[in-house]
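Chain naming follows the written order as A, B, C, D, E and F, and within any one chain the residues start at number 1.
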């Protein structure tokens, strides 16, 4: 199983495990999280790109992988990804670089899978 | 002098002071910072909105004020600001709320000035 | 108006302003935030103490002021506050100290008001 | 060797290696760290729960694993863990979720070992 | 009273207040903090410069002011300050800039006082 | 392939991949990053030590590995490393410890390779 499938399998399994514990605040938080990325005044693509930039400057590899996948499914082009990465890099500094490297490697795996 | 002018006056004065010290790496960093927000594959408005989300989750009041001003000048609507704030809030958590309060207060001052 | 009243006045006013903008995700987030501190398996006092420790290691002065106020209203003693501060300080490091200083000053103002 | 034993073995071995280098400030820091979680005005369980919340909002997987183990040994119940997780999630935002997933997986392994 | 004296007066007064509460872990932490900057394999100047860089990337204005003062007393030159600032800026990103502005303004006040 | 070679191989390969995408802002950022550590008012060793401290308090394992390697090549002694680690630990708190453990393990591998 490649890195992409492993990531998605673990993510799905543990989300179910967490929601299954039936804590009201946690369940509602997950609900708000989903609601936030639904199209509104801003479209889904813009919101997912924002989620990706936020994940990069906060340096969370799993969040980066997730939003890269979402952005790609919503049609973010390679050049748009690069522009987005540049904003995250300049705001967050060189400390973002290792996460950028892993993010780009994840994006390359996604692209390889679909070609 | 209101909060908006004070912020801009201090920002301009200190940037000049910093660039005047003539350190090559610092000057080039400021150059890259400017370059990053120029329109490319993504337009200026999208980039500034990303800069704002990044500033909110990293919780930097001055960066938030700056990007709110830029976003407003580039035509970000009230409803778009709210959508953007919701992404920053959900990614960054309740710790973002005090910065959201100050950001909204700054936006209100900007709007009051121009009405 | 002292620092305590100013803080509470601004907090209340801006929360109303933010909720008044009527963004569904933001409103629900505020709802989850309130729900989280309601007594459950853990009592309110323990939850507020956790909120305070989290605010200290994330170094947010307003969040610290807010949770200090809540903790005090829920009967957290001076010695308990000190123990809590020690955990935040050791986990978060010396970078927490300036926030500890402002937190203690806020607590002293609260105590002065009520004596 | 499962994830739990690997984690504990590496932790113990490297702590000995670090303390063996005999740097006075580092050794004293480790001493203060131990002292902080000893029962005082707050009991050990409350302090370890605080350590866990702090580790979650600062997003350190190893610190989360360590404090989950401590909390479990001190009798934190499943429902208490869920309440604690909800506070960390709401304060720290969705960026905490991947760490929550790994923390819950670690807790499940701990529980599997002891059943 | 200028910003420099205000900063130092509040710092001294609150440190005394905190240590006066007589919490063993907090007192020992403050002891380790002092010990850490004493000359050892690295001299005091190098350690204070490291403390300053760390404070800048963690974006704590008071810690930045404190270490700027220490560095200046230990003979860090203007060009050395600029080099140090460039490292903090590049590692930490543009989010550091507002703290750099306030740090440089603080350094200028220190220099004005002593001229 | 050991951890050291794997780290360096992935780092080199992905940096080439990122720079190959030919985004002007990203390329210039990498240029500024290199420039920053060149000797100036401060020598390379001091700058790399600062980069290491900054990476430790920001808790980025890859950045820590990279700067440990650079510091070692520039002649940082074991005792100097320990002093540096103590500053990072005290500023950043116990949350730094897991990164310190992995950093020391990486340094030990580097030393084993060259003996």
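Just so it is clear, a residue touches a chain if its C-beta (ideal position, glycine included) is under 8 Å from a C-beta of that chain, and two chains touch if they have at least 3 such contacts.
All figures in this text were calculated on a predicted structure; none of them were measured in a lab.
J.: Would you say B-E or A-C is joined by more C-beta pairs in contact?
T.: Most C-beta pairs in contact, of the two: B-E.
J.: Using each chain's Cα centroid, which is most distant from the centroid of subunit E?
T.: Farthest by centroid: A.
J.: On C-alpha atoms alone, could you tell me the rotation angle mapping subunit A onto subunit F? Nearest 5 degrees is fine.
T.: That rotation is 120 degrees, given to the nearest 5.
J.: Over half shared or under half: which fits the residue numbers at the contact of copies subunit A and subunit B, same or different?
T.: Copies use mostly the same positions to touch.
J.: Let me have the rounded angstrom distance from the C-alpha centre of subunit D over to the C-alpha centre of subunit F, please.
T.: Roughly 26 Å separates the two chain centres.
J.: Find the geometric centre of each of subunit C and subunit D from their Cα atoms only, then give the gap between the two centres in Å, rounded to an integer.
T.: Here subunit C and subunit D have centroids separated by 23 Å.
J.: Can you list every residue of subunit F that touches 2 or more other chains, as numbers and ranges?
T.: 23, 25, 29, 32-33, 36, 40, 54-55, 57-58, 63, 79, 82-83, 86, 89-92, 94-95
J.: Between the chains shown, work out who touches whom and classify the graph as line, ring, star, complete or other.
T.: complete
J.: State the interface residues of subunit C toward subunit D in the complex, per the touch definition above.
T.: Residues in contact with subunit D: 32-33, 36-37, 40-42, 46-47, 49-51, 53-55, 57-58, 63, 77, 79-80, 82-84, 86-88, 90-92.
J.: Could you list, by residue number, the parts of subunit F that touch subunit A in their complex?
T.: 10-11, 14-15, 17-18, 21, 23, 25-26, 29, 33, 54-55, 58, 60-63
J.: Once bound in the complex, which stretches of subunit E touch subunit B?
T.: Touching subunit B from subunit E are residues 59, 78-79, 82-83, 85-86, 89-90, 94-95, 97-98, 100-102, 104-105, 108.
J.: Using the touch definition from the top, list the residues of subunit B that touch subunit D in their complex.
T.: Its residues touching subunit D are 57, 89-96.
J.: Residue numbers of subunit F touching subunit B in their complex, please.
T.: Going through subunit F, the ones touching subunit B are 23-25, 28-29, 31-32, 35-36, 40.
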